[in-house]
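Below you'll find a set of structures to go through.
Next come two complexes built around chain A: one with chain B, the other with chain C.
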Partner chain A sequence: MIKDRSLSSLVIDIFVYGIATSVFVVTLFPFLNLISTSISGNMAVLTGKVGFLPVDVTFEAYGRVLSNWLIPNAFFNSVFYTITSSLYSVVITLMMAYPMAKKDFILRKPVWYMLVVTMYFSGGMIPTFLLVSEMGMIDSWASQVFPLAIAVGNLILMRIFINNVPAELEESAKLDGAQEVSVFFRIILPLIKPGIATITLYYALWKWNDFFNPMIYFSTYQKFPLTVILREIVLQGSNVDKFMTAAQMAQKDTEVFMEAYVTRLKDTALIVSMVPILLVFPVLQRYFIKGLNEGAVKG
Partner chain B sequence: MDGTTAVARAPAKGPAGKPAKERAKRRPFFRTLWKQRFLVLLLIPGLANFIVWHYIPMYGVTLAFKDYNIRQGIFGSPWAADLGLHHLVSFLNYPYFWRMIANTVWLNLLLAFFLPLPGIIFALALNEIRLVRFKRMVQTVSYFPYFLSSVAVVGIFAMILSPSTGVVNSIIELLGGEPIYFLMKAEFFRPLMLTMSAWQAVGWDTIIWLARIATIDTQLYESATVDGAGRLKKMWYITLPAFKEWYVIGLILSFGSLLASSGFEKNLLLYQANPGIVSQAETIGIYLYRRGLVDTQFSYGAMVGFANMLVCLVMLFIGNLVSRKLTDEAIW
Partner chain C sequence: MRRTLRTASALAFLVLALLASACAPSATATPTPAGPTDVPLTSVEVIRSTNMSQSYSDTLFTDFVKEKFKLDLRYTYYPSSTFQEKLSLSFSTNSYGDVLELVDSAIINRYSKDGFFQPLEGIIDSKLPNYRKAYSDEDWAFLLSSMSDAEGRLYALPVRMATGSTGSNIFFYRSAQFEKAGAKVPTTVEELYDGLMAIKTKINPNVTIPNQWGLANVYSGFDCAFRTQNVVWKDPDAGGQLVYGPITDKFRDLLIYMNKLYESGLLAKEFSTMSDEQFWSEYSAGNTYFCWRYPGFHNKKLNGLLTAAKIEPDWEYDLDNLLLSAYPDKGPLQQRYGTFYTATVAITDKLEADATALVLSYFDWSCTEEGQLFHEFGVEGETYEVAGDGIPSFIGKYSDATDTNKLGSYYGNLQDFGPFGYFLVENEAHANKFYPEYKESNAALKDFEYMDLFVPIPYRFSQAEETRQAELYVVVDSVSKEYQLSFIVGTKDPGSDADWNEYIGKMEKAGIDEYMQLLRDANARTVK
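Moving on to the complex of A and B:
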């Protein structure tokens, strides 16, 4: 491309870089502000001095939040529900996607229609809830694993990954006398590993971030995942007390700085809950983009 | 024993018309099924999942016309009064019925039309940026909010918008204004929903729009350059029109997902945190949750859910029809 050095081009460049920079700042600012607030002094928070950078740095709130069982316990619950449910979902999605990817599979069409129907018609919130309850899954990890374990979108994506395996490989294996079973396990499976990884991450993020289902199915506090606990702390304002010492509790209503302190505790809880996603973010985004490209180009 | 052999033999003896043909038609189906038994075996768990968790609840929609009680369950509960239409009648008589419908349609129209726009503008900008490193850094950072839960997103906004300690109100006060209770005022509900969703989606959406740009024939740009078109003209006449098709399809699809839209969790969280904003925040989904699950009026809730699904389907059809007439884009 020929380099355009005209004035209008310069104006466009200013706009373009301006837009990109503002998206960058708007995305980052809330995080920086939250982090800064969580490690700033009460006085600075109350007087609104905290912007991008912390004032009077103290890590006391982190000590309080992490030394309480509430968030670590919810974190391990989330990990448990995420691992069990995504494992189950991936296995049955993969098992279902393989026959559905075979053009000559005799049940392909009827099953496909059956799936499409569920994309437009559904029982809805109440019948699903009642079914889960009649199955005795209320307040149990099973409610996070079994209901609605297959997302049709993920099934279609899995099918695309399977169809990407060159048909010649399968044919030549069959000519060599390989059975359908060994074709699946020894040829297809090893070749669609990246696809399996992508789908696993799709399911895992979905389950990790799910808030509505755990909220309606769990009633015992100790079983709540991170999202539900986080809502209690940050949005409902309950349970923030649990992070305070007895001395702090005693002055809760008289201490002027208590509002700032509560804000810092809430911010700390938010930041702590986002750290796991931040740690896996590089991997997540790479595989998510892969899935998006695969689905958009061929789906 | 004797009888069966006789029956089995009979067709072979008779005129070799019908039975032989029938057999020729039927046997290959079961024979193929047997040959493909490994595939059938793989299919079973997934199929069972769909039957149990999609088709039984679909039958459970009949609860909307029944009086659910725990002892008799989904299959045994008796029919409701007024020929089973009791819950429909009381739903239509809900004093705020039309307010709720209007809230739902408004929120979804706003989200459907405006939510893609920041992503489109950002993608156009990114596409013009030649500093690869800068571009990649901005892009990667902008993806991050997409991976957060709606609880975290609503939580972040609740903190920065807090009237006493939030940074936004500090800035407003610094400029001489009064602190605003953003989360407690009904009139801020829709702008807030739009802002939060846009903040979360703006970066991630660019992937789709940039992928669309990548499919545009580069010859179009070259011949435009030869004809003397500047960068702005090329953006306006070549890049932007390429987005139309996907924008319209996205629009149609989001018409049909009134309840399933990711906005539901955010809507619910904002409503739960401040039920005072009910006049704008009560959409069909919120009402369904409140009456069906919180008040445990299961049959009534099933009716609301059923109505919601019908509204979704109708909207999807209308959206598709209008779009076909106006723009030639349609999903069917």
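Moving on to the complex of A and C:
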């Protein structure tokens, strides 16, 4: 690649880097404040002394959050729902995408139209709720896995990936006696791994961040994922006392520093919930980019 | 090839197995054994909004009700942050429960229009005599007028508070600091101003009046002194008529005073936008010298903050001087809370007649002395014992000896899991014991006139009127707030007739007269 060293290019670079740096700073500083507040002392938080660096460092809030059953339980639920529903969705999406990529599949077009329609029109909340209810999935983890298993956008992406596999490979496998199932598992699947990684990440992010479905389908606190519990903590901040054990509540300074406790516990809960995505995303990011590029360039 | 088929079959089997296991009926469908007396249990699904809960389930409570009333209370908790959405969905999909607990009366009345709730006004005397007995005739008439719907039907039973557990907020002072500055501890708003200015000059130039929760809260305490409110209320100085507080002369006096505090640098510049942290930081820095809160607050919070900041704790209150006055000839008003919460209990149309009768008998029993004890303290000998003074105390693991300000850990658990948020009618004797500060301040304020606070003013609108008043409210409220802010910070002069008349003119243009007429007419239609 030839590097453009002209003055106009330099100005544009400075402008672009300037914008990027500003966005980085604006995004990073609230996050730093969140971390600092979560590990600062009550008095420092209450008197507004905490900026980007912690004051009177203490990890007490982390002890409170992690020793209470609520966050670890919700965390486990989120992990469980994310893994099971993502795996199920990926399997179902692949099973759907393969025939949809077959040009000689007679029902390909009508089925495809039916699928695409769902991108624009959904069944609506109440019919979906009634369906899930009739299937006995209310307050069950199944409500997070089986309904809404396929995102049509991901299906389209997978179809593009499968279409991009050279037809000759498939034909030669069939000449050697392979059936469709064998072609799919032995030929197609290994060649679309980047695509699978991409949609797995898409599904995982969707399920991890999903708030609405768990909110309407669960009615037991023990089953709620982190998203619902976090919303409860953040929106009902003044009731964070319920988040503390009776012994913690009985501590003399709890009443005095309630506002500081609320802020620190909220911030700590947010940090704890961010950790998994912060750890996983950099590892899987290359699949994101690679998958998108493959789909975009060849599609 | 065979391996591939095996893999595919295994995957298909796994998916089917997951689907089958997930859709299996839940264990709760199993009928509950009737128990030794062979009287069948009646299962009742209770929907309850709750905040985050401990990992705790009080079977002691539900077992007792099961045994005594043959009622199997099955609680479903909706998170409070999503309560309205879930409730709405449950009514839309016919999946609502039999009883709703601690739900705001406005929500109950909204759904009752579609027939989801059973009317209760006709059965109060026969089925709920103990609940009715908890109210005086005057209070009951007020309850009916404010809680019933446009047709006079009562669908929701409000939680009745003891008079000893509520009362007016009061002023706390750092009296020693006023005296040190050569000022007297204030009894009037002008003395407060003079005292704060003396402190500012002689002791602390950073003295400030912080504010939290926005513009409306900045008047707290001062509104009692000026005998006004910044909302629609029944003004005793206007013969108890409904008035829109912010356009009255008394409110103008209040705005002039607030402007004086602002101009002199006493009222915090950020008073309308301060965060909780900013607010409390002024208290912990020792820059505040008076506070308007509930009785007992100085020991729970204010002195603790000063102690933590290594400042000599000196917050106190004087029973002879709990309120400030702006009009010494008339004196201040004290705040009066309703004798009931707007949180209510209601029975849906799903509950059959026999089950309804059983639930009502349980409700009514809960209002007796025995029922109150059970709902507040649990089971005698197991969770509490009655001491020599006749007042119960928690025992064993239910007591919390480390904090004498709280009733104990069981208290919190009852609030989370007990029916009615631990009582339908609060016991007066217990309230007097556990809230001694309210008892003390209520006695000291008994001769002061009242300003009703958090008490819903009853209205009966037609559909068209309801829509119209809501439209007018948005405009009227917006214009009023804009001018209130301008008057306080001095961009408009509340003392200038021209500016005040401009404000009144804008309010008239916004429809204040039509708005107030709608409210007065709708209020006049309520049950007297």
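In this section, the second predicted complex is superposed on the first by the 257 of 299 C-alpha atoms of A that agree within 3 Å, B and C clash if a C-alpha of one lies under 4 Å from a C-alpha of the other, contacts with A are read in each partner's own complex, and residues count from 1 in each chain.
Quick note on the criterion: a contact is a pair of C-beta atoms (placed from the backbone, for glycine too) under 8 Å apart; a residue touches a chain by one contact, two chains touch by 3 or more.
Bear in mind that the values here come from a model prediction, so they are computed numbers and not experimental data.
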Checklist line | When chain B and chain C are modelled together on chain A, clash or fit | finding: clash
Margin query: Tell me the contact category for A:223 with respect to chain B and chain C: first, second, both or neither.
Written below: neither
Next item on the list: May I ask you to decide whether A:277 touches chain B, chain C, both, or neither, giving the answer as first, second, both or neither?
Entry: first
Notebook entry, point to check: Counting only touches as set out at the top, which of chain B and chain C does A:146 meet: first, second, both, neither?
Noted result: both
Check: Once the shared chain is lined up, is A:45 touching chain B (first), chain C (second), both, or neither of them?
Finding: both
Checklist line | Touching partner for A:235 - first (chain B), second (chain C), both, neither | finding: both
Check: Given the touch rule stated above, what does A:126 touch, chain B (first), chain C (second), both, or neither?
Finding: both
Notebook entry, point to check: Does chain B (first) or chain C (second) touch A:30, or do both, or does neither?
Noted result: first
Check: Does the superposition put A:259 against chain B (first), chain C (second), both, or neither?
Finding: both
Next item on the list: Would you sort A:267 into first (chain B), second (chain C), both or neither based on which partner it touches?
Entry: first
Next item on the list: Of the two partners chain B and chain C, indicate the one touching more residues belonging to chain A.
Entry: B
Check: Taking the two structures together, which residues of chain A meet both chain B and chain C?
Finding: 45-46, 48, 91, 125-126, 129-130, 146, 179, 181, 216, 228, 231, 235-236, 259-260, 263
Check: In their complex, what parts of chain C are in touch with chain A?
Finding: 1, 4-5, 7-8, 11, 15, 18-19, 21-26, 51-55, 76-82, 85-86, 89, 92-93, 95, 275-278, 280-281, 284-285, 300-301, 304-305, 308-309, 400, 402-403, 405-406, 409, 412, 416
Note to self: Show me the residue ranges of chain B that touch chain A in the complex, using the header's touch definition.
What the structure shows: 29, 32-33, 36, 38-40, 42-43, 45-47, 49-50, 52-61, 63, 68, 73-74, 121-122, 124-126, 128-129, 134-135, 137-138, 140-145, 147-152, 154-160, 162, 164-165, 167, 169-170, 173-174, 199, 202-203, 207-208, 211, 225, 230-232, 256, 259, 264-265, 268-269, 272-273, 288-289, 292-293, 298, 301-302, 305-306, 308-309, 313, 316
Next item on the list: Using the touch definition up top, name the residues of chain A that touch chain B in the complex.
Entry: 2, 4, 6, 8-9, 12-13, 15-17, 19-21, 23-24, 26-28, 30-31, 33-34, 37, 45-46, 48, 50-51, 91-93, 95-96, 98-100, 102, 105-107, 111, 114-115, 118, 120-131, 134, 146-150, 155, 179-181, 184, 205, 208-212, 216, 227-228, 230-231, 234-236, 259-260, 263, 266-267, 270, 273-274, 277-278, 281, 284-285, 289, 292-293, 296-297
Note to self: Taking the touch rule as given, give the residues of chain A at its contact with chain C in the complex, in rising order.
What the structure shows: 42-43, 45-48, 69-70, 73, 84, 88, 91, 125-126, 129-130, 133, 135-142, 145-146, 178-179, 181-182, 185-186, 215-216, 219-222, 224, 228-229, 231-233, 235-236, 239-240, 242-243, 245-247, 249-253, 255-257, 259-260, 263
